[in-house]
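Given below, in the form of structure tokens, are the structures.
Across the two complexes that follow, subunit A remains constant while its partner is subunit B and subsequently subunit C.
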Partner chain A sequence: MEQKREHSFWKILGKNLFPASLQSYLIALGAIFSLNFILPRLMPGDPLHAIYGDEALVAMTDEMEAQLIRQFSLDKSWWDQMLAYIMGLLQGDLGFSYYYREQVSQVILGALPWTLLLAGLALVIATAIGIILGIESGFCRGSSLDRGLVASLMFLGGFPDFFIGILLLLIFAVSLDIMPLSGATSPYAGYEGLAYMLDVLKHLALPLASMVLVQLGGIFLLTRNTMVTLLGESFILTARAKGCPESYIKYSHAGRNSLLPVTTATGMHIPHLITGALFIEIVFSYPGIGSLLNTAIAARDYPLIQGILLIVTVTVLSANYLVDLLYMRLDPRVRYAH
Partner chain B sequence: MLSIRDLKISFGKTQILSGIDLDLEKGECLALVGESGAGKTTLGLSIMGLARGSATGEISFQKKNLLALPEDELRQLRGREMAMVFQNVEDALDPVQRIADQIAEAITVHRCISAKNAGDMALRHLLSVGLNGEKARLYPHQLSGGEKQRVLIAMALVNDPDLLILDEPTASLDALTKADIIRLFRSAILGRICIVITHDISLAAALADKMAVLYAGRIVEMGRAESLIRDPHHPYTRGLIRSYPDMTTTKDLQGIPGRLVHGLSGCPFHGRCTQRIDICSRQIPKQRELDGRIIACHRGGIVPLLEISGLSHTFQANYVLRDVFLTLYEGETLALVGESGSGKSTLSKTIMGLHEPDRGQFILEGCSVIKRDAAFYSRVQMIFQNPKESVSHRMNVLDAVQEPLLVQRESSYEARLGRAKEVLDLVELPVDDDFLKRYPHQLSGGEVQRVAIARALALGPKLLIADEPTSALDPSVQAKILKLLMNLQEKMGLAMLFVTHDIALARKVSDRMAVMHKGRIVEEGATNEVLIHPRHPYTRRLVDCALGRYGMENAEIEMMVEPEPVVLEKYC
Partner chain C sequence: MHIDPLGEISHDPLAKIGMLMLATVTLMAIFAPLLSSYSPHDYTGEIFSPPSMDHLLGTDSMGQDIWVRLLYGARTSLLVAGAVALLSTLLSVLVGATAALAGGLYERFCMRIVDAMISLPTIIVMILVAAYLRPSLPLLILLISAFSWPGGARIVRSQVLSLKERMHINAARTFGAGWRHIVSTHIIPDLSPIISALMMQDARRAVFMEAGLAFLGVSDPMVISWGKMMHQALAFTYLDVWQWWLVPTGLALSATLIGISFLSCSLETAMNPRLKKDHARDNARYG
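Showing the complex of A and B:
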């Protein structure tokens, strides 16, 4: 009996952490790594050229070149090359950025937290506000609140991210001068603790706001429309017949069910979110992956570009995976599918 | 306890309910029946205060007028004092919450109770509807339809409401589950006011003691459930019951012509009613109480078309008809069965005036029949076993069909031709010139009989007497002719006196059956009941023979003391 229960406990846990879709994620990941390995080697000429670019090679000493060839096992068979590539990946080795003269992984690691902070917060805030507004708006469809929200959020959502960013920048940082123009922290201020956090938030506010404003519309509209459909469902009638007050119906029945399509849509929206973040970073010179990519492209730092793309895809994939897990938590029909 | 006065609900311009009056005491269960769109569900929802649209009138429950109550007070009554189980079991539960939680919620929204106690109560109630604790932790999609229905019942009962409304509660369940659920309902409705909304007559019969038939937002008939089902008085109720199969239905299912239209002036049913009169389309019939039945019909329900009383006829000092009483109602088929020589053909010919009776009276549509004039024959027509008897071999199809019109002095040829084509079309015959010019010998037996029927229908009669109309035909042709007669009845509201010796045939076409023996009507009643429980020994013998059991000799019946004829009340 005990054993049986334990068995089923592990099974459920396993099912919860590794849904069937995990397989597809692993396949996607494998494909990306393979492409990353194969593409430079398929290019005409010396793979080192392909990997590092001409300019890098000019700056490179013979000694370095020899070391690189050894490192990538470029003088050995494809099989050995692949082993070397995988070993490198496992050690977090993405190559060497000749522009920054540092390991690519180190460079990316310096920028990634800022992007994650910006995009992550934008996602959380936009989703939360979008859902709440959507629920309220959908619940009283046709009211002035509803009509006003639909019109204004659709208007905002029609702009590209960077446009709103530039607009906010011009208004708050240039004209009103109440917000910092660029960066993630005030340089050389030497803040610590709370002051540092406030400083970070202050710098974050404008890019974050522009991202939230743009993302909001889609989530809001989806939630609202889902609410409108859900309110016509039989189970809502059952809830009303039970004597549930409006707020229960709004949030714990219709609202909770409307999370399902919103979650799915959010998952699909993540790549868009990331690209949005890259643009916004450039507008606000925010020192995240976007700015880094910008620099890397300008300097033709191929290893860095490749590393960034790799990291971005991995990030998107893992975010999607998390959303999948969340969806399973939300929808028992998926969790306990027969 | 629950009383509804002149309840009207309109949605935009359409009036969904137009003047409902209803009184229900504690312990009473009312079945609301009617086709979809009649407003049944709206009535249920409006009692719960959940109907959209604007309402006028009064719904008083527990001494409060629900229509005047502020929403918050109404909400507190919902689920506590009155509960509703909705149709569409599949979507009636929140898909993302455990069922026990959903039931517990029904408790917590009405009382101050800790979550744990509410959970325990929910479990107890689930147990009482036959779902154990393991099921309680499941989500709706993990339950079967029957289990979901149980959950919904538990949810409705959890606060012990005084009023329980069940909306199509068994619509999506299979027969066995349905039986279980009905058992559960039986105990659930005890001591409460209960309203069962359904179009399933058998469910209504199983649960309810009262039954109200709703048509286009009005109650057209209301009374005790079993008597209403056995003996519907309103034409619509009869149509509804005729179109619903149960295991004792013997007649083929018939529909009701036309479809439900809202917003008609006058009687809402008048567009589909086959016994409508002038006033029907002008004035709304008031609800009246007639024989313990509430009925809304200007004519007081289905009217008797032909009443025969005290009819006797002797032939060479022998009784051929002895004291015959028989009533034929509008739009029904009465089968007159009996062996040859029992007097059934004499009876039909006497009705037609082919024999002059010694004694007795005929009343057709309320007027005593003194002489058989053209007016009489435009209301009553007959078709014979041998179609040659009604269609002269010297007439072609067109002449045969238009002859009755000529007799009725329909002078214009165009009008006669038009009508002839119309009725030929009704009996599913071709109307091209070639066919119209054919003579009986050029037609098959089935076709001649159709021509005979068309000829009988030409004047639009209300009563068709069919004397063994198919016994001269092949079985397959016979089946087609019978189908045709049934369709004509449905379309035109034709009443039919179907004279036959073939009980099996009578069983398939008739609503009621009268058994003749030696010039007397020895038994009369609803066809299925006469056949299942024949009371007169002669009927029993006829049924036995039809079933292939040849027990009693004719002589045995002769020797038995002549029992009193069994004349049951109509449809009984």
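Showing the complex of A and C:
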């Protein structure tokens, strides 16, 4: 009896930490590893040229080339090359960015916090506003508030994210000149403490606003439509019949249940969120992964592009995993199912 | 699911606006040579000239007529949209429907791939592949399609799974109908609303992806693309040229995207009776 309960406890814990979706995340990660490994080696000609790009090799000496060939085991079989590649990855070696003349992992780690700050804040703000507006709008469907919100947010959501960014940039930074044009901090200002925080926030405001504006529409519409469907369910009728106050029905009955599809959709939306952040960063020259990617594409710095792909994939998959864990907290049916 | 989506959406103002926007862009693309007196590859010799009768939207940093490039950019966008919509939806239906019908190991295999691909940051994968292959337009279309089908495949699969258990299909089976007959006369026609919605979604994503990739600097140098025009124009925000270079191009791209979204949203509402305004239960409560 005692043993049986312990067994089920571990089983539930295992289900909590390793949802079924984990398997597909691992497959996705494996696919990216293989793509990074196979793609340069499939290209016609010398694989070293493909890995580093023709442009990089112009600047390389014979010695460096010989060393790189040894490092990648390019003179050996595919099997040895793959072992060398995996060993390199396990040691955190993503290659050498010839453009920045630094390890790719170092370059990316320098830019990643800015992207996470931007995307993370945008996700939290857009989700919070979207859910609240969606609940309000869905609850009084057909009212002028509802119709106005649906029309305006759908219109906004239709814009490509980088164009919203460009419009905000043109209005507030170029024409009105009240916001900084680019970057994440004022260069050479030497701010410290609170002044530094304010400076960062001021630079963050426009990129963040454009991301929130674009993300808002989808979350809002989904919450609203879920609300509309939920309000027709019989448990709402029961709540009304037993005399629950309207605000209680709105938030605790219908609102709480409408969180479930929103959470799933948010998880599925994270890849778009991160890639959206990359575009916005390029528009505002924000020093995150997006600007890095822009430089890497222009300079054809292949190891850097590969590294970015890998890091962004890992970020997206971990975020998805966290959302899955959150979903299980929100919906007990998933926790104890099967 | 026996409703006529086209008849439903023709009364929806949202669909009308979307249709109008798309029609404008399509007309621009079709009549591009008639609406302009220059070729998009011509160099006029004057750079950054403001809008005039000669050049409706002025000229860019290379001295090329912006209005003409805007017109021909519509062709690229619509071509990519149409081709990707066809190809990607075809893949979605093929994978989704066969997975649902065949079941077993094959189904699990397909759905695992779909799950994995959905969780990837697609656009960066495409950038990496495109950076190696230096894509031409057909290759770009193949690339976008190759990464757009999984979402649709999931929807088609769940739809076919529920369809194949319906009463009329079981009835057809008891009369001795083979799978081929059931698929072609019952399942495919019932899927058509879903397929049209998928095509809209794929078309929208394709327009966005093409412009986005070009905006990031990944495109065929010979192809005229709105994304590339915006990428070039963004470098000159300190001059006044953005007013007739950056903004009109962005608006053209947005109009195309918004047009498609409005149409597909209206289509979705038409196909999901629970969201429809004149639902009986609703009238009882608010009426």
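Rule of thumb we're sticking to: the second predicted complex is superposed on the first by the 328 of 338 C-alpha atoms of A that agree within 3 Å, B and C clash if a C-alpha of one lies under 4 Å from a C-alpha of the other, contacts with A are read in each partner's own complex, and residues count from 1 in each chain.
To be clear about the criterion, a contact is a pair of C-beta atoms (placed from the backbone, for glycine too) under 8 Å apart; a residue touches a chain by one contact, two chains touch by 3 or more.
These figures come from a predicted structure and were not determined experimentally.
Contacts of A:331 after superposition on the shared chain: subunit B is touched, whereas subunit C is not.
Once the two complexes are overlaid on the shared chain, A:23 sits against subunit C while remaining clear of subunit B. Residue contacts after overlaying the shared chain place A:309 against subunit C, while subunit B stays out of touching range.
When the two structures are aligned on the shared chain, A:81 is found in touch with neither subunit B nor subunit C. Legend: residue contacts after superposition of the two complexes on their common chain; A:317 is shown touching subunit C, with no touch to subunit B. When the two structures are aligned on the shared chain, A:185 is found in touch with neither subunit B nor subunit C. By the document's definition of touching, of the two partners only subunit B reaches A:241; subunit C does not.
The larger set of touched subunit A residues comes from C, when the choice is between subunit B and subunit C.
In the superposition on the C-alpha atoms of chain A, no part of subunit A is touched by subunit B in one complex and by subunit C in the other. Put simply, subunit A touches subunit B in their complex at residues 233-235, 237-245, 248, 252-253, 256-257, 260, 330-333, 336, 338. On subunit C, the positions that touch subunit A within their shared complex are 14, 112-113, 115-125, 127-129, 131-132, 208, 211-212, 215-218, 230, 234, 237-238, 242, 246-247, 250, 253-254, 257-258, 261-262, 265, 274-275, 277, 281-282, 286. Residues of subunit B that touch subunit A in their complex: 48, 50, 75-80, 83-84, 86, 88, 91-98, 105-106, 109-110, 138-139, 141-142, 152, 155-156.
Within the complex, the subunit A residues that touch subunit C are 21, 23-25, 27-28, 31-32, 35-36, 39-40, 43, 50, 141-142, 151, 154-155, 157-160, 162-163, 166-167, 169-170, 174, 181, 225, 228-229, 232, 268, 271, 274-275, 278-279, 282-283, 293-294, 297-298, 300, 302, 305-306, 308-309, 312-313, 316-317, 320.
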